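One chain, subunit A, links the two complexes that follow: it is found with subunit B in the first and with subunit C in the second.
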Partner chain A sequence: MWEGLDIKEIVEMAKDPYPSIKEWAERSGKKVVGSTFADAPEEVIYAFGLLPVTIMGTTKPLKRAPSHLPDNACSLARSNLELVLSYAGDVFHGFVLPQVCDTTQHLSDIWRINLPGKYVESYLAPRQVDRPSARYWVKKELERLIDSLSNWTGMKINDGELVRSIAIHNENKALLKELYELKKKNPSSLTNKELFSMIKLSQQVDKEEFNRSLRRIRDTIKPRGDSDGFTDIVLAGITCDPPEIYDLFDEIKLNVVGDTLLIGTRYIQGMVPEGGNPIDALTERHFKRGFFSPIHDDVFKNFEEMKTIYRETGAKAIVYVHIEFCESQEYDLPDLKKMIKKEGIPMHVLDTEYQTLSLSHVRTRLQAFFESLKGV
Partner chain B sequence: MYFAGIDIGSTMTKVVIYNGGEVTHLIGPTGPEHRRLANRVMEEALNKKGISLDEVEYIVATGYGRINVPFAEKQVTEITCHAKGVWSLIPEARTIIDIGGQDSKAIRINETGKIISFAMNDKCAAGTGRFLEVISEALGIPLNSIGEVSLKAERSTPIGNTCTVFAEQEVISSLASGEKVENLISGIHDAIAARIYALSNKIKIEREIVITGGGAKNIGLIKALEKRFKTTILVPPEPLITGALGAAIIGKEICESSFAKGEIIKRKRRGLSEATFY
Partner chain C sequence: MTEKITSKELSKKITEEYLDEAFHAHEKGKLIGYSTAISPVEIFVAHDIIPIYPENHAVANLTAKKGAELCSVVESMGYTSHLCAYARSDLAYRATGKTVTRGIPEPDLFLACNAQCFTLTKWFQVLARKGNLPLFVFDTPEFIMDKRAREEIVKYCVIQLKELISFLEEITKKKFDYDRLREVIKYSAESSILYKKFLDMAQYIPSPISIFDALIGMAIAVYRRGTPECVEYYRVLCDEIQEKVDKGIGVLPKEKEKYRLYWENLPVWFKFSDHAKLLGSYGGVILTSLYVHAWSFEFDLDKDPLVTLAENYVSRFSNSTIEDRASMALELFKKYSMNGMIMFMNRSCKAVSFAVPTLKDVLTKKTGIPALVFESDMGDQRFYSEAQIRTRIEAYFETLDGLKK
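Right after this comes the complex of A and B.
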């Protein structure tokens, strides 16, 4: 299903992967477990013979979610709920729902009540990773999740199955990293939309199959034109939707050379150390991954990370993707803006919403920002 | 040598033909089929100037319909074009407020005309020309008269709702209670001024403040803005054409830069064709 995809097919499938996931599950007889961002250990879910799928919202109209989450709730949280209530609920057999911010705390209750008969489990990884208890907590939470999945599936997993799963996931991330590096150096070889579609789809399909597609693309990819005239940027935020925003980047020749997105570098960074005890290694990963803590931490880490990526990549500007009513971003953004401005780094904030139908204002703002930066 | 700027706004289409000194302009309604009509507006402007299309060296399109002008050499945003156009007319300008038909913008520029920052109001009609259109329809007073009418107000009726829909309800309700029309319009102007002030504050307001767009033709709104900003607001001679003027100037600058480098200007295949992707 996903082993022979070319770049064009990946972009198309990333727009709406759910029909293919459903078909794959029916054909393979395997179950599908959905997770919202950002901590669900997909290696554990995969080791049970399940397909872990990161749920990334929908751009389709909201119909049922507003009854549960008000207009001023996070656009991504509402959109995720709508996806499972109205559009792709039948794709999923169960859910593992991390709690990463105030909105997602107790969100699993809404899902559990509204999706009767489905497996719904919370996953509570600590956000304050500097605390001495954090490591113990993550390990115990991983063990609790394994017990919960065992009870649901009636299966037990051993270290060998976990190690194999980790290797497949690590290879996926390594391939994405290679493709990202190729794109950074030669932006004509891969558009922003193509690269980020690959990273997005990687989080939603069977990686063993998809890695074959990525390997072939890596081995055959060639420049498709002149790579001059591109402006290197850092893309900051959590997600970047609707995907047509990448089209705008491509249209005005922006080359994303670094990012802090969960559908970008934060995912690729999540490689698990291989060779030791797999549970210890998965625990370790939680602390090695790039900074992502919507709650209970200071904004300075976020700023320092953005600044470092900006300096190291030699980018000309930061584009910060702000999701409407994402409370963690609403908290951080005013301070971040001040710090970035003080540092003299040009930054443009893109206000996005999952149900955005017209991007004309986004286009105008983005284009105007780069006109003022580069001239016309 | 002539340069043209075409600004397809949500309500009005503006064309400026410029030769580095003399400015000829044409303003017409955009309408729902602007993609089909951009060529005709340009043709009228050329006729007004008495020149042919071939005599125009470079055309820059701007405004929300800028991507649908097939005969333009370049598309530039209205933010950049307004800044350029206003600064060419009023070099002391540091804050530009554009009150358009469907959105408002606040732009801050430095002493060289470079944009420092900008903010746009988009999803909400409050603080835009549309807000005034709705209210003028509700009150049965032509849009171009409400500014003058508001000057007769004894007081401004406070309008609590800045949402266009709820404000309209509030105005109708106040009318039914016997409130005077001029007081209500004055209150509406105050509400818009408050909204514009909040938008402008995001970019830090600096004098001189210049207003452009259709809102600049409403004397009542200008007075309300001056009261809110506590300073004089400057208005260009024709505040609707600053975007198109800026576009034409940008065209001139591109040509001059290319000439200086000995480069050949990349021109579109000429002909006032309709956009084919309507």
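Right after this comes the complex of A and C.
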């Protein structure tokens, strides 16, 4: 189902992948396990013959979520809740929900209580990463998740199954990395929307199938016009939604050459070292990914990471995407802005909500920012 | 004959001595450690680090109705109005020096325990960055309802407490004294039993205390636990309240006490006494909340001190599942014979408030008691609508009356 997709089909499917996931599950007889951001070990879920799907909100109207989460709750959390309560609940047989902040902690409880009959397991990610105890805890949580999935599915997995799953996931990330590199050098070969749709869909569909699509695209991709006239930018933040934001970037010829997003580089960075004990390798991977505000306690790291990407890629500016009411970002941003400004790096902050219907204000501000940049 | 000291006088004395010591900490070779109100502060006390709770200082300013003014300052610094009013007012205090108190001493280090909330961790990160100071995050995963997982969570927390001790030893260049820790926990255990006894006096009809008394009474448990003076304070307080019980003195006279209410969340600090008067005029007394019970620890002195600390701090209501929170609240409903509930959706406190709608559903279903839900902010007056809240309280009591008929 996902092995023969061309770029256009991927973009289309990434907008609303749930009908195809449902059809795939019915056809294959496999179960679908949803996860929210971030860091759910999808390789483990996949090794059980389940389909791990990262849930990334909906642009459809909120109907039921507001009665569970108030309007100052993280826009992504409300949107995800709405998606499972109103629009795509029947797609999922169970959920593995990482807890990384107060909101995701409550979300686990709210989902469990409101979705009786579904498998709901919490993945208690450590909210500190610099001490030895964090490594201890990631490993313990991986082992607990394996036990929990075993109890639910009635299956046991061995190292071989885990190793195979890791290889499939690693290949997916390697392919995305190659495509990203191609796009950086030749922005006309792949639009921002197309690249980020591939990364998004990779987190939602069967990777063994989807890798075939990605391989073919990599082998056949060609520049589709002039690659001149693009402005290289770094995209920073946690996620970037609604996806029409990428259309705006494409429209004003911005070329994302680096990012810190969970739906971008931070996902690709999650390649698992192969060859050793798979649980140890998965544990190690947790600490190799880039900055993620809820689990890293040092915003200087975020600044250093953004600065390094900016310098190494030779980008002209940083565009920071702020999800409305993400408390973690809201505590970091004022200092981050100051540090970036002090460094002399142009930065534009986009405030977004998952239910945003009109991006006209974003377009106007973005255009004004880049016009002023050209004038510098 | 010497006059018996009252709990109010004792609280004032303990607080003044504590702040005096804190303001002169460096002269005495001691460090100031900022801490979340829920955190294993016994480790600080045992290591001669003076704990300071910026939340308490924020409460003083918010209760004095300085919230909107201070919060506006911090918004001009780029922070949004959706963040915790404690954090906003504190950051504004640091920028302007404005406070209704003498202020609080500057920190040397930070301890953030996320069993209370993640907000404090982020707030402390801002302060730690500002002063380039060390911060220790005591990460307490949600105390999920699985026995084996709980055992592992406690083990993880114990490992972290050992890391905390090493962190403090490194900073102070002083060896940690476990015997002293045992002694400190003994005081905490003793004061916790007395504090709980004080809170539980709300069982009496009429109740001799309301939640407003509990909120005043909890202050010493928050910032002086682990000390003999804390034990002494609750002994005096319990004796005073017992005297009221013996004389049949209630917050309201017995014949006027119609509604014995549960409160969910922190209080609306700047409406503290207004709410007590308003509810009282209808015959309502708020008796308790899970919030005030957050400092009712049950330390087991027979256990390894780090284990009993970990078990207690990780299992606070704010780090428990909504199902467990509901069980804790239901126990209070039964024990205190409550017949109403006010569920406050506090914009400032996401850690508590995001559970409220689901908690309300569970509690109303299990008790058959309707709930009054209202949204506001614990410290920022701009999110408070007096007329709306009055109307809703009136309507709520009418509903409860209707049920009685």
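Criterion: the second predicted complex is superposed on the first by the 371 of 376 C-alpha atoms of A that agree within 3 Å, B and C clash if a C-alpha of one lies under 4 Å from a C-alpha of the other, contacts with A are read in each partner's own complex, and residues count from 1 in each chain.
The working rule: contacts are C-beta pairs under 8 Å (C-beta built on N, C-alpha and C of every residue); 3 or more make two chains touch, one makes a residue touch a chain.
Values in this document were obtained by computation on a predicted structure and should not be read as measured data.
Peer 1: After lining both complexes up on subunit A, report clash or fit for subunit B versus subunit C.
Peer 2: Verdict on subunit A: subunit B and subunit C fit.
Peer 1: Go through the superposed model and pick first if A:L333 touches only subunit B, second if only subunit C, both, or neither.
Peer 2: second
Peer 1: Under the stated touch criterion, which partner chain does A:F325 make contact with: subunit B (first), subunit C (second), both, or neither?
Peer 2: second
Peer 1: Who contacts more of subunit A, subunit B or subunit C?
Peer 2: C
Peer 1: Would you check which partner chain A:S67 touches, where first means subunit B only, second means subunit C only, and both and neither mean what they say?
Peer 2: It touches subunit C, and subunit B stays clear.
Peer 1: Examine A:P132 and indicate which partner it touches, taking first as subunit B and second as subunit C; both and neither are also allowed.
Peer 2: So A:P132 only meets subunit C here.
Peer 1: Angle at subunit A between subunit B and subunit C: what is it in degrees to the nearest 10, using CA centres?
Peer 2: 80
Peer 1: According to the stated criteria, A:K316 is in contact with first (subunit B), second (subunit C), both, or neither; which is it?
Peer 2: A:K316 contacts neither subunit B nor subunit C.
Peer 1: Would you check which partner chain A:H286 touches, where first means subunit B only, second means subunit C only, and both and neither mean what they say?
Peer 2: So A:H286 meets neither subunit B nor subunit C here.
Peer 1: Taking the superposition on A as described, I'd like to know which of subunit B and subunit C A:R266 touches: first, second, both or neither.
Peer 2: neither
Peer 1: Please work out how little space separates the C-alpha atoms of subunit B and subunit C at their nearest point after superposition, in whole Å.
Peer 2: 7
Peer 1: Where on subunit A do the contacts with subunit B and the contacts with subunit C coincide?
Peer 2: Overlap of subunit B and subunit C footprints on subunit A: empty.
Peer 1: Where on subunit A does subunit C make contact in their complex?
Peer 2: 67-70, 72-73, 99, 101-103, 105-106, 108-110, 112-114, 122, 124, 126-128, 131-134, 136-137, 140, 144, 294, 297-300, 325, 327-328, 330-335, 337
Peer 1: Which residues, counting only subunit B, touch subunit A once they are in their complex?
Peer 2: Contact set of subunit B toward subunit A: 64, 74, 76-80, 103, 114-116, 118, 120, 122, 250, 254.
Peer 1: Along subunit A, where are the residues that touch subunit B in the complex?
Peer 2: For subunit A paired with subunit B, touching residues are 360-361, 364-365, 367-368, 371-372, 376.
Peer 1: Using the touch definition from the top, list the residues of subunit C that touch subunit A in their complex.
Peer 2: Those residues of subunit C that touch subunit A are 77-80, 82-83, 87, 114, 117-119, 121-123, 125-126, 129, 135, 137, 139, 141-142, 144, 148-149, 152-153, 156, 159-160, 163, 321-323, 345, 347, 350-351, 353-355, 357-358, 362, 375.
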